[in-house]
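What follows is a single structure, and I will ask about it in a moment.
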Amino acid sequence: MHTTNAVNGANYLTYQGKYKGLLGWIFSTDHKRIGLLYLYSIATMFATGVLLGLAMKFELLAPGKTIMDAQTYNATFTVHGVIMIFMVVVPGLPAVFGNLMMPIMIGAKDVAFPKLNLLSWWLYIAGVVLVLCALLFGSGTPDTGWTFYAPYSFKTGTNLLPAVFGAFVLGFSSILTGLNFLVTIHRLRCPGMKWTKLPLFVWTLYGTAWIQLLATPVVGITLVLVALERVFGVGVFDPALGGDPVLYQHLFWIYSHPAVYIMILPAMGAISEIIPTFSQKHIFGYKAIIASTLAIAFVGYLVWGHHMFTAGMSGTAQYYFSLLTFIVAIPSAIKVFNWISTMYKGSINIQTPFYWAVSFIFVFMVGGLSGLVLGALATDIYVHDTAFVVAHFHYIVFGGTGFAFFAAMHYWFPKIFGRMYDKAWANIGWLVFFIGFLALYSPMFYLGMMGMPRRYYDYLEEFHGGNILSTLGSWVLVTGFIIIVVNLVRSARKGPPAEMNPWHSKTLEWTVTSPPPVLNFEKEPVLGEKDGPYNYD
Amino acid sequence: MAEHQHAHIEHPDMYDPESSKIGMWLFIFTELLLFGGLFIVYSVYRYLNADAFHLAAEELNTFIGAFNTVILLVSSMTIAMSTTALQKGHKKVAIALLVITFLIGIGFLVNKYIEWGVKFSHGIWPGSEQMLNEMSQGEILFFGLYFVMTGLHALHIIVGLIIMGFAMRGVANGKVNAKRPSLLDNCGLYWHLVDLIWIFLFPLFYLIH
Amino acid sequence: MSEDKHHHIVPYRLYVIVLVALLALTFASIGITSIELGEYTVAAALLFAVIKSVLVLTYFMHLKYDKPYIKLMVAFVFAIFVVVIVITFLDYLYRV
Amino acid sequence: MYSSEITKASNFVQGVDTAFLVIMGISFLFLIGLTVVMLVFIFKYNKKKNPKATQIEGSTKLEIIWTVIPFLITMLMFYYGWAGWKPMQRAPKDAMEITAYGRMWNFSFEYENGRRTDTLFLPKDQPVKLNLVAMDVLHSLYIPAFRVKQDMVPGKKDNFMWFEPQKVGTYELFCAEYCGLQHSYMYTYVEVMEDSAFQSWITDTTSVAASVAEIESPAATGKRIMQNIGCFACHTLDGTKLVGPSFKGIWGEEQTVQTGREKRQVTVDEDYIRKSIYEPNADVVDGYNKGLMVSYEGQLSDDDINNIIEYLKTVK
């Protein structure tokens, strides 16, 4: 009531609320502003993670010491992992594009609990600061790897506590975001927005939110136990006191395997929006995609043990986990089939987001198929904990989530900023990035097959060739990344004004102005019988 | 925390009791899984060290445990009644019932304090010399888990009491009323969750020996 | 959204009955665990705890009067937790 | 598949490599097939060639087909994975038992006759059961040429792996589970020999040991012990700083150590060395971290330590 007058005509970027300037952003409860806050903070953390990755690859350019000593290297891959997992890919798509777009896509004014939403972002920042404390102060940067495996995680002399606590706070932020989205999707859909008319991106956010809610607390309590172990010596995972380090791994992966689906599901959702839009065609098998989303979310919760095939589990457990891992592969395959079928007889408008989406499908297939090698018992025993695993999960997490993030970025950019980017440069950036990506991670498959273990600071001469190619790839990838970022940053400020619906999409966010007004809709939208997110004609 | 979220200044027409109820339930789910992780640890170690757990459990005082169970159940009833009172418009009754619940919560904590104090005076606390020297590995695990799980539960009691404080204020100044009972309802749900967890902690630590 | 909620008002008497039942179950579980049942002690104690928690969930937490999808969610969460425990024990039960 | 043609070095190679072949073969087929189809669609149904899209909402028949077929294929993959892995689970009764110790950051192997080495010597065509013991944190014993890998978990009983070497040669043995600073240097070699050569090697040791005792000085014995238990993974002989202080010129030197919360000066003498080996965390040299070294009490006898002391006196 009292805000409507002030905002007439203004969009969410320009509107003037209770606070001015920066305060108007960091205290805003507007889901779009919060989404942008996440975008900037996550992009910063992503750039940091990329720099660390670059340093690691540089170190591996040649055997022996190249630029840093072993302790620094171990700390580098730990911090790279913690940043990329807990601060970038887990919150990534849901927190940025979920916040920016999801309420508009379902025809709502905001999320169900806007203040809680802001609190999530603040918790995110608090978590980041805590982890950074671990790096800068105390007895050295953590060097345990992002998995914090017991018992090394309470033997190491490095400053682990803030990092663990930071990860806990980040988890809490993720839980609250998931909670908020679930309630929003349940309660705030506009009239006519039935469950069977929900855009697929929203559906994947729904599945993701459930995993966030049910899996994150398990890792939370596990990290608390590690912290208590370090401070009080409760003995829960300490073999000297009767604890079982393998149990730590169970608890850790009960969260961290579903976390992979937290990362990849919204990515699949974003791709499921982009492919139909640029094919100008109804998505193929809408209900099958929803079913596969929920199947992935559910079955993905029960397969964590495939990270532990060499850890000393019982044979029965290994058998079970391997079997279920193969079953969880099927819904992912179904999605790929449906995406490709959507292109069939479409009218394909090849634009930057589409390039990203197609390359997503390719790298996701490589990642997924290599996952089959890791899901099978005999082959996993051989490649577990080698560079092969590193290649596999970078194909999924970086190739999957990362590519989908860039796809979504280029797709929704005109809506978010109300300006269009330079398409030629965006395409060049994509091409360079894609080539760099392939060159960076493909050799790791080969290195793993040769038997090079992961997390190696130094390696034997026979692994040199693959590592050189990989390092060169990292430079190409970073070049592509810089092109993309420069183009987007420049265009956000100086690009030509964007149309309301530049890609001729059918979802609701394209029915409002670019950038969207403060309360999203002038009038609450109503979906008729014939309307739907993919009803092209 | 979801219960504070129904008053939206920027988007004023969004009070929806159903939303805050689902929000609270979802939050309860995460709490359940948080304790769930600990229950997994407990069940695995109980299975691996059945005899030691048996022995260690005899050290705990069943009477105090049972007493705490009883008062916590009573408090669950009083807070549930308080929501009924509010719906019937009996504001004073509602507040009185809340106060009773609050006092019982404090009582529970006092009991816990005494119980832990006794353990400490016997030299039993995580990482204590006595535990490391005289106890078997299974017993160390039992007491480690005992302190972590009852400690985390006590922490939840404290959080519950704080929320109850807000609910009391809300009922007193009329912001929480028969038409907008969400804060009290959610406070009740949270308190029942605390009770629910205790229902499992009690037999696992005090009874099974 | 001024949706009129049909909040069911639960009578005080019902709460008292539930409390009495809960207390009875508590004492029953104390009683049953104090007799020597061997392996069944754990099962018996847990059975009583489950019955108690169902009572708390249905009456104190109003699940009885809530919409079906909330009941479904609660059931789902408990089920998935049980499944996770069972799967974890696939490892521990079958270790050589 | 580690140059599978060249190093068919154990009885598991066949099963594991078959699984690789099946899974990767099918995967490549799918990857290439789907990519080609996708590219063809993009080319053929381009906006310029096909300005109007034909709306198709889906096909239940197709959905069922592409659920069932992948399901059958994945079950096939699962089967091969399982078949290659199954024989790893149970060691034959007649297997030769060797205890493998993993510690930060080296491996050592103890044979049934008590001989200890830091390289794994094995006879060809003889089943070998490695009992895996971790002294401090998780390690993982990985022999690519044999296609075996198993984590070494501290405190875990009956942890083992087995295999039957089938080809004479030298193979790499890595630690595959991240275990701290020197993780990437925690590797050694497997030496597979003809049975006769192995038998003479393992029986020879007793006589060698006896003669060594006569000929070898205590200092040389000390050095050999230290090599076998892996001291030099963390302590250098040339003054370079690694995880622990260097041994160079350490004898008789004044050191600042941290005892509990206090700092104090000690002279490196017999007592100090003995204490540092048995209770490594009691007096930690200033500038180094606690908790990284495990106690060797029970692993090294007093005689061993006397020899080590003799050796340390010579490191100048």
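Observations, loosely collected:
Lettered A, B, C and D in written order, each chain numbered from 1.
Just so we're on the same page, contacts are C-beta pairs under 8 Å (C-beta built on N, C-alpha and C of every residue); 3 or more make two chains touch, one makes a residue touch a chain.
None of these values were measured; they are calculated from a predicted model.
Chains that touch both subunit A and subunit C are the following: B. A count of C-beta contacts for the chain pairs A-D and B-C puts A-D on top.
Chain geometry summary: the mean Cα position of subunit C and that of subunit D are 47 Å apart. If you average the CA atoms of subunit A and of subunit D, the two centres end up 33 Å from each other. With centres taken as mean Cα positions, subunit C sits 15 Å from subunit B. Contact of a single residue of subunit A with at least two other chains is seen at positions 214, 242-244, 246, 250, 254, 315. Among the residues of subunit B, those touching two or more other chains are numbered 13-14, 16, 18, 22, 26, 29, 33, 36, 40, 44, 48.
By the definition of touch given earlier, these chain pairs are in contact: A-B, A-C, A-D, B-C.
The touching residues of subunit A, when paired with subunit C in their complex, are 214, 246, 250, 254, 301-302, 305, 313-317, 320. On the side of subunit C, the complex with subunit B involves touching residues 1, 3, 5, 7, 9-12, 15-16, 18-19, 22-23, 26, 29-30, 33, 41-42, 45-46, 48-49, 52-53, 56-57, 59-61, 66, 70, 73-74, 77-78, 81, 84-85, 88-89, 92-93. Residues 77, 80, 83-84, 87-88, 90-96 of subunit C touch subunit A in their complex.
Of all residues in subunit B, only 13-18, 21-22, 25-26, 29, 32-33, 36, 39-40, 43-44, 46-48, 62, 66, 69-70, 73-74, 76-77, 80-81, 84, 87-88, 181, 188-189, 192, 195-196, 199-200, 202-204, 207-209 touch subunit C in the complex they form.
The touching residues of subunit A, when paired with subunit B in their complex, are 1-3, 17, 29-30, 109-110, 112-116, 119, 175-176, 178-180, 182-183, 186-188, 213-218, 220-222, 225, 228, 232-236, 241-244, 247, 250-251, 254, 519.
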